[in-house]
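Okay, structure first, notes after.
Chain lettering (A, B, C and D) follows the sequence in which the chains are written, and residue indices restart at 1 in each chain.
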Amino acid sequence: MPGQVHNPGGLQKDLMATVIVTGLLVWLMPMLISTYTLTVLIIYGMLGLSLGLIWGFGGILCFGQAAFFGLGAYSYAIAAINFGESTLPMILAVLVPAVVAALLGALMFYGRLTDVYLGVITLVVTLILFKFVNSTAGPQYVIGKARLGGFNGIPGFQTLNVPGRPEAYIWGDAYFYVCAVLLALVFVLVTVLLRSSFGRVAVGIRENETRMSLMGYDVRARKTILFAIGAAIAGLAGALFANWGEIVTPSLFSLGQSAEIIIWCIVGGLGTRLGPILGAAGLAYLKFLLGQQSLVDNTLITGLILVLFVLFLPRGIVPAVSGLWQSRIGRGRRSRRPQTRRGAISRERFNG
Amino acid sequence: MGETVLETQGLTMRFGGVIAANNVDFKLQARELRCLIGPNGAGKSTFFKCISGLQTPTEGQVYMRGQETTRWMPHEIASLGVGIKTQTPNVMDALSVFENIWLAARRFHAPSDAERKTQEIIERLALGSIARKDLGQLAHGERQRVELGLVAVGDPWLVLLDEPAAGMSAEDVARMTEIIHELNKTAAVVIVEHDMQFIRSIAEKVTVFHQGAVLMEDHVDRVLSDPTVRNVYLGKKA
Amino acid sequence: MDLSFVILVEMLYAVSSLILISAGLAVVFGMMKVINLAHGEFMMMGGYATITAVNLGVNIFVSMLVIAPITVGLIGLIVERLVIRHLYGRLVDTMLATWGLSLFFIGLATMIFGNTTTGISTPIPGFAIGNFQINGYNFFIIVVSALLLVGMLAVLKSTRAGLIARGAMQRPDMAAALGYSPNRIYMATFFCGSALSGLAGAVLAPLVGLVPTSGGAYIAKAFITVIAGGPSLIAGLFSSAGLFGVVSQVFTFAISPVIGEVALLVAAVILLRLLPQGITGKFFKGKL
Amino acid sequence: MPMNRRSFLSTTAAMTGTALLPQAVMASDTIKLGSILDTSGIFDAYGKPMDMAMRLAVKEINAAGGLLGKEVEVVAYDTQSDMALYSQYGQQLTRQDRVDVVHGGILSASREAIRQTMRKTKTLYFYNVLYEGGVCDGNIFINGVTPAQQVEALVPYAMGKSGPKVYILAADYNYGQITARWIQKFVAENGGETVGVDFFPLDVSDFGSTIAKIQAVGPDLVIAPLVGGAHLSFFRQWAAAGMKDRIPLASTTLGVGNEHKVLTPAEGDGIMVAYNYSQELDTAANIAFKDKWSAAYGDSGMIHELAVSNYQGMLTWAEAVRQAGSIERAAVIAALETGLSIEGPAGRVTVDPKTHHAVLDVHLMEIENQGMRVVETLPQRQPIDTQSVCDLKVNPGDNIQYEIEI
């Protein structure tokens, strides 16, 4: 039936595609890039996806997504030092940011704060976290057995192990596979979420909050929940990052980190699931490659990319490419829309 | 007539020193159709916003089916089974007609029912040919019609419409009138409107607002021939 | 007694420097509804312009008060023409684009000046109040920001340009209807805003070590001050800078500078939760 | 500060890039020396000359025929003053580049970020920086001065020139925290009293309120273990407030990155410090070193305490490799533990086998006209702070940083 919203076959196809693409990438990519580098690209991809979900599909522009990334990493590190086993810390790393985000989200959304004000609050909360964590070098800042360490960060915590066996570390190539599978898993969960009624309502809220509330949806609660889900994903990415770097430092909370996540989403494409992941991995790798030359400063190029994308390709790469592909193949069933942010985030929506 | 579905007592709304709605007592029976008229700034839109939860009145109470809803949020009021349409077309521009209506349907129905219900509304409102188009691409009249679809799909017992006929062609208005009558079979309807042609074609009883207060409330013909009303409102136009 | 006076001066100084670092952003936001996230980098460039000029032998006050604002104003003009004007009315997009610009300028400054701390000495000696020595430069900053506020008020109240600006602030379409090209108003506004940012960066340069990333320390505070101030330009600036300056200094003296900064941020969160439209969204309505 | 960083930055950057690409297995016909330093960002004033010193040492070693007949190859990473990059590049040095030794780390935070990685991967590690003492780890060798060598001498000297009431302003991370405690200990031991301690995150650059607060307390002396470019503002603002002539200043860090050359004489003169090295040391070794540096880089003005430390660390490692006749970690450690000595630009440096720290000269100095004038030389001081808690001979598996309790 045309225009049908529910399309279970589509979901199955999507899942199959995810599994096949993941499998191919996990097999092929290590031939091109070392797994150590790939691992961090995957982690950044997950972080990009976390913002891509709440911004691209929920219209919540969070200037402080790095706060949840950092919270996840710190929760993991502190718990890992205290428990000496990584399973519970991994779970906490997802839960703590989610709970914090739920509280913060409730504060913001029930206060009817929107766009700029939302930006200010998320930015300020990130700054507070950064300043606080950065000034905890003294011996009085202890959680259980873990010194917070301030500027030094927390090194030397228990890294990921096979659940129940603290001495069986997962590192190197094995860790790469774990991260890849987790990213695929998160991707699938996001897909399922977006296909569910909750996901569709979220897109509706992104498009027109007032209308959705006039239709009887509690916009505040739904935005809060979506915000918390995004934070949970960012937290997971943070824990994985902590395991990869074997240290957590306050710079995880920095505004620079938040800025980068936003840039990934813009460049990759908002309103798509793949865009933020590809944007994150691509730009992070580009940054590594740029380190090879000293002709032009790295930050300068990042900035230029952002400006150019906002001016000339506000929809991002993935929607632009898929749009091109569709019109080539003659399947341009979706018409062009003016190139504004609204249009930009409307590409991939109900049918996933 | 049956039960009172909407009632306000002493509803007052002040913005700084300006009184936009002044001590409004209002009653609406089940399946009644009522038009609110009055010159610009008479307070009818403020009144509308206060009862639909978009604004919180400074004083006074709002009751719906006997339940006080004075400080409720729009989504809570809508959840009671109240369909609301604001003045400007308020739709999800980047989503298709089907998707828009489905979202409204899903609020009150399980997923499978929502789908059926959506189809039903699309047929009822003759939107089949544009069901897959995005709202952003549609003409004004079509968008208004879709928004009525959003209101209708929840099977409301009370419908609040703010200027549904504004800026529409005669043909569109005729179709709109039809839809509203259809809605009125099962729901009480409140319409804020300017268009006298439209009011005559649709309403029996009207409430006239003037300077934030209710000036009079009567059958449309009597109201329109009333000298006071003509003076404050129609006199300038006629 | 002396100490309380010193604390008073420090508080005035904190408020003044908040006004100073927020003024440029406030003008651009108030007039154009554009959040210029490259504001901090405009300040940083003002600092570098001053230091470069001083090193070339120009008088320090001329460098700070004339050369830096004009240089940065011109940079702002170029930015407005090349980037900002394509994005009017798209708040989020301008924020993102100016964020990109801020990174761009950090990179550019790094390439030109190197990622090294530079600085100049303060041109005004310290002096004693009773038993207390106090940094004479603090007074200079207090005076500059007071003059700035008075100047802005005078321009807005009693000049033709100010009248147009006030009109444009309240009804953007109005100015156009009156026959003033919004294009030119925006250009002029952005020039003024950038020049103010440059001035702030220049005046603060002797107090801090300057690195290309220095701007980051200012933008968050300026952003918070402007948004918390709300729609009125001068009343908003004055009230929120006053509030945050006092709050942060009280906590700085009572506990530590870090707690002072955190207190400022917490105050901002609470304020915005209570007054989502900013201070002047609720109080001092309709004032400038 | 004039500098020719382009040339060596580009090679560093090139290595950074290639290291991220998949590595072809290379035959090890060279000795690989890993270097990990902040050559950009707010700590670059420390890191750049350290990097230059390291390259100067390698050039000399290679010019003299290398070590064990092999050339020494540098694998250098710029950590951009970002602590997170240390762990990343530390991993790369040990797991991908598989270097034979790592010299580097500047802030104590950066050392702690990579120390365990070095230990886990059994990569010999040299930390060549003045620090807070107490690290007890068989895999690391440290030749910077520790509080017992520096603070113990500086505190009584500075108190003698001022008075017993001391106010401490310290950087808020492990170095500042621990050093502040050492200062308190030595102040108390010398019959003085600590009247205030404040910690500042490394990005704080506004000290106005602090200066007012210090005056309210009214100490006789301010000791400032402040670190990095932002903290330099304190000395400027202190002078700008006219405080310099009222309350004397001492510092455990000012000058190790040549900060006294950035400050004007009016701002810097009279500040009391104590280090292993000063450009003003009037010794043949120092003059020769400055000549070599000038020949290589054109100007010897950039040399500072940490650069010399790094250079001396390189010499120590090279000497140990020669004596061991091997680059195997165990053999090199054994050679170092014989109590090996070298003669560096700042005099004799001897490895203390018990703690893997160094025995060296410390000079009490005052900053004067953008230089450091030597007031008194204290020869061959032992790292007794670390010796009192750490004995790797008895307890070779120790792996902890001991912290002083007060």
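Just so it is clear, a contact is a pair of C-beta atoms (placed from the backbone, for glycine too) under 8 Å apart; a residue touches a chain by one contact, two chains touch by 3 or more.
This is a predicted model, so every value here is computed, not measured.
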item	value
Chain separated most widely from subunit D, comparing mean CA positions	B
Most centrally placed chain - per-chain CA mean versus overall CA mean	A
Intercentroid distance (Cα basis), subunit D paired with subunit B, Å	76
Euclidean distance of C-alpha centroids - subunit B vs subunit C, Å	47
Whole-Å gap separating subunit A and subunit D, where each centre is the average of the chain's CA atoms	39
Multi-chain contact residues (two or more partners), subunit C	110, 258
Of all residues in subunit A, the ones touching two or more other chains	131, 135
Sites on subunit B at which at least two other chains make contact	none
Every chain pair in contact, whichever chains are involved	A-B, A-C, A-D, C-D
In the complex with subunit D, residue positions of subunit A that touch it	31-34, 36-37, 40, 131, 134-135, 137-139, 149-153, 155-156, 172, 245-247, 249, 251-252, 288-289, 291-294
Subunit C to subunit D touching residues, read off their complex	3, 6-7, 10, 13, 110, 114-119, 121-122, 124-128, 131-138, 206-209, 211, 213, 217, 249, 252-253, 256-258, 260
Of all residues in subunit A, those that touch subunit B in their complex	2-6, 197, 200-201, 203-204, 207-208, 210-219, 334-335, 337, 342-343, 345-346, 349-350
Partner subunit A, residues of subunit D touching it in the complex	6, 9-10, 13-14, 16-18, 20-23, 82-84, 86-88, 91-92, 95-96, 108-109, 112-113, 115-117, 172-174, 176-177, 199, 201-203, 403
Complex contacts: residues of subunit C adjacent to subunit A	35, 83, 86-87, 90-93, 95-97, 99-108, 110-111, 216, 220, 223-224, 227-228, 258, 261-262, 265-266, 268-269, 272-273, 276
